[in-house]
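By written order: A, B, C, D and E. Residues from 1 in each chain.
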Amino acid sequence: MLENKYNVFSILKTWFHRWGSPPWFYQMSGKLLPWLSVLTAILIVTGTVWGLAFAPEDARQGNSFRIIYLHVPVSFLALAGYYLMALAGCIGLIWRMKLAFWTLRAAAPIGAALTFLALVTGSIWGKPTWGTWWEWDARITSMLILFFLYLGVMALANAYQNSDSGNRAASVLAIVGMVNIPIIYKSVDWWNTLHQGASLKLTSAPTIHGTMLYPLLIMIAGFYLLYAVLLLLNLRCDILANERNSRWLQDLLREKR
Amino acid sequence: MTACLQPSLQIENLHCDKGQQRLFSGVDCLLNAGELLHVSGENGSGKTTLLRILAGLSRDYTGSVLWNGDNIRQQWPVYAQDILFLGHQPALKAQLTARENLQWYARCADVTDEQIDSALQALGLRSKTDIPCHQLSAGQQRRTALARLMFSRHKLWLLDEPFTAIDAKGFAPILQCLRLQIERGGIVVMTTHHGMENMDLPHKTLTLGAAA
Amino acid sequence: MSILLATLQREWQLAWRNLADAINPVAFFLMVIALVPLGIGTDKTQLAAIAPGMLWVAALLASLLSVDMLFRRDYDDSTLEQYLLLPNELYGIVWIKVLVHWLFAGLPLVLISPLLGMMLSLPSLAIPVLMLSLALGTVSLSLIGAIGASLTVSLRRGGLLIAVIVLPLYIPVLIFGASATVQAAAGIFPAGQLAMLGAFALLALGLSPLVVMAGLRIAVES
Amino acid sequence: MSILLATLQREWQLAWRNLADAINPVAFFLMVIALVPLGIGTDKTQLAAIAPGMLWVAALLASLLSVDMLFRRDYDDSTLEQYLLLPNELYGIVWIKVLVHWLFAGLPLVLISPLLGMMLSLPSLAIPVLMLSLALGTVSLSLIGAIGASLTVSLRRGGLLIAVIVLPLYIPVLIFGASATVQAAAGIFPAGQLAMLGAFALLALGLSPLVVMAGLRIAVES
Amino acid sequence: MTACLQPSLQIENLHCDKGQQRLFSGVDCLLNAGELLHVSGENGSGKTTLLRILAGLSRDYTGSVLWNGDNIRQQWPVYAQDILFLGHQPALKAQLTARENLQWYARCADVTDEQIDSALQALGLRSKTDIPCHQLSAGQQRRTALARLMFSRHKLWLLDEPFTAIDAKGFAPILQCLRLQIERGGIVVMTTHHGMENMDLPHKTLTLGAAA
């Protein structure tokens, strides 16, 4: 029993260390990437075509609703991205794992970009639906704050000249942010309900029918994969940059030639 | 891990990289009670870095530092209480007077104000005890910082260039402190570019390789 | 223990020596509030409507800017390293530093707030709640700000980087503080919001020193 | 002359090296504007009414806080003494430093202002004037701020002392800038105010370096 | 006021108080082309203060300082162009590399980049020309600052403790610079706590009375 448990633990540990080692990760991700990207392309293309061309027009919003196929996946990922980033920070701080730190660094700009995209698509959507580009709706405001949190992490990570300190500082901040996000979201929601009258509710958004839903689900899946691809690409660049004069990389390059 | 009265500091196969460049590697050294280590080396050879590692203020190194046989990382809080660290610049509050500055360090080692004043006097700052430190000259500030040594009970002293900006007269009392600490069975690790030969202190020397 | 006392005494001395610093947050608070009417005109009803929000935003900025200096000097004169060499007392030291900071940068805001409330023609029955909410709020603000301060102290980066880091974390305090004042102005006692503010303060009192300790170590090791 | 070129090049290099600093004023600007509705609620007409004032106050604070670092580093690493030893070029050096600072801390505010105006539902016909007035205004703000920076650089006092010194001097710029935007929102082209802002900018461009030079000498001699 | 090719620095009955305390008074000294003045004195005797006065960076003194026969205050802009001042801490930009830092000083004296590199090389910083200065050790930063001397055309050098943090090897090239400057007919005023006797430089000495 104990024996067994120990084994599981040790297996986990070796697995963990494997993933922690840049060379191994670099090569694995190298093998993984092509498949991932192909799958991503398929999903997103089908989702887009289906969503834009074949899904029925929305009763109230006409064709303008179709932006949902971009807006919603992006919005989901923006939030999920922050948690992933903070998690990476946690791992990095606890196990002092370089790779985790680099993941954090790689995830920050992507997440910020996605958040920005959510804001943009959202406000583009807002124009026809609410008649304004910007609406101080709860979820929108929280999104804006999330964008600030991303900005903070990026600014801090790059502010340090000693990159290791930058990583650790950014991780601490990311974790603090993660702890705060629920509080912030709850309080923003509460604040918004205070000012009900002023702002429209997002729930005036279309109630989604199956025929509209499937492409949306496909798009969401596609964007999760897209996120993974972007993250891997970004991460591999960081690895190359940080390990540029380590031996395994030199060897790899020599093989390539 | 028996808390032995005789302190000992052991550096085992210490290795440190800065950026791409290898600073030092395979540094070994054993210091027993009553020994003084002079870390010598050219500019940029890694003396300050080494001292900060010993003080636990830098952790990007491989190898191990043992205090009384145990790794300093495991017993950090315990170890920290045993060390006195004096860096390149004196850790003084510009707004506070020399006496007030020392009082804080003194409380950490419950020392009376008389001792503080006598310490300052011994270092020739009698007339300067009560003016804010930013009005002191470079050397006077150094002296104030060094006054800590006069009443420190710490087993291990880590001093980075204690003699900078100190004039010829100023050496004697400080050397006296160092001798006392050694006789007391303490350990001292210090760096200095003032040749050790003309200050008669029994000492080991650890020379760090020149930076490329 | 006696170290903590010594630290308290020293922080106290320092605070008095640079008393000029201590009055700055208040002056800033006052000025921002004075600027608002200059910017948006002096229509009383309008001012009254935005008064709670403005007061809170201004207080928030004042506390944000003052907290930037919390560890800066300690870092410059490398006292910070000496703190880190007192691992057992570090928590207490941080705690004391933030406390003293609040006494000199947070409390004055609370005490002067009635005056500014009047300047923005805030209904006087809201004043007590304004003060109470500010008192609870500024504690959290100082403690959260301390985190930002510890993470940015080793970079000589004016007051702005810390703002970018800390402001998002301030938002819940702002929301509840402002709405508490608004409700009070409407004649309702905002028990709920005040409770929340209290809860935030307690949470921050317990946790933030731990994060700050981590931040300070990073700063010294960088 | 070639010294001025060298200085320009160096300031440019430095600005890029600490690019993180450059985004901070914008981020701060953005955040303060985002805080306002959280504080005072989301009533569109109300927001629109206070938008010009808020935008200007926020821009003013952002430029104020960024200017604090203008000479701080030079003082700390005692480059300032070296500047003073170039008396003939000093005027040009100061001028260049402020200029580069504006390019990185002032201009971005102007460029992002339309977005924020939109968020506070400022009528879009006021946007061009908002940008123009900010462009003219921030120049004056940077130059006036430089005076405060030079006077406070030798005292390590966070961003607040300078605020207390400089804010009163900012007021005319604020008044004309804000009212220009208000008029534009009402559909009138505020030629007068813009002219005033331009005049301020020119005046500041000519005179403030002289005052700054005096301030720097005081700082070094203290 | 004829602009004579042979510079001369004359200190007449200089007197300076700091706070209540009299720092020094009645200081007289005449330096002609090719002379080096070593300002000696205990910590706090007023050396730094004196140098800052000579550099025109402090004006709370009585008495007069004459450059080529005219008071430095009257001819400040002219005088300023003739002096090179190096204070207690090196005036370097932490973010910029050693070369970039020197380029600024070089432009002020239109020097080519080759000269800069050779200067850095002469001071043993060949491998450090391109990393930001904050990553340099205390001594390496000093050396970078001192590299200015290698291509400086200024007639008067004011150096406050140039040798701080410099290791034994580092002295030679700097002393070489000083000799050159003297032979070139320039004037040097410097303070140092490293005894002048064992660096063979022809020099006058001005000793400031010990601070009470």
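Everything below uses one rule, namely that contacts are C-beta pairs under 8 Å (C-beta built on N, C-alpha and C of every residue); 3 or more make two chains touch, one makes a residue touch a chain.
In this text the structure is predicted, and so the values were computed from the model without any measurement.
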Equivalent-chain rotation between chain D and chain C, CA atoms, steps of 5 degrees: 180
Two chains sharing the most C-beta contacts: C-D
Centroid spacing, where centroids are CA-atom means, of chain C and chain D in whole angstrom: 25
Centre distance in Å when chain B and chain E are each reduced to the mean of their C-alpha atoms: 31
Separation of chain B from chain D, taking each centre as the mean of its C-alpha atoms, in whole Å: 46
Distance from the mean Cα position of chain C to that of chain B, given in whole angstrom: 38
Touching two or more other chains - residue numbers and ranges from chain E: 95, 135
Contacts with two or more other chains, residues of chain C listed in rising order: 18, 73, 157, 161, 164, 167-168, 171, 175, 221
Chain A: positions in contact with at least two other chains: 145, 148, 151, 155, 159, 161, 164, 188, 191, 194
Contact set on chain C toward chain B in their complex: 2-3, 5-7, 10, 13-14, 17-18, 73, 77-79, 81-82, 84-88, 220-221
Residues of chain B defined as touching chain E within the complex: 18-19, 41-44, 48, 88, 124, 127-128, 131, 135-140, 142-143, 161, 164-170, 193-195, 211-212
Complex contacts: residues of chain D adjacent to chain A: 19-20, 23-24, 27, 30-31, 34, 37-38, 41-44, 118-119, 121
List of chain C residues in touch with chain A within their complex: 147, 151-152, 154-155, 157, 161, 164-165, 167-169, 171-172, 175-176, 179, 196, 211, 214-215, 218-219, 221-222
Chain D contact footprint on chain A (complex, rising order): 132-134, 136, 141, 144-145, 148, 151, 155, 158-159, 188, 191-192, 194-195, 198-199
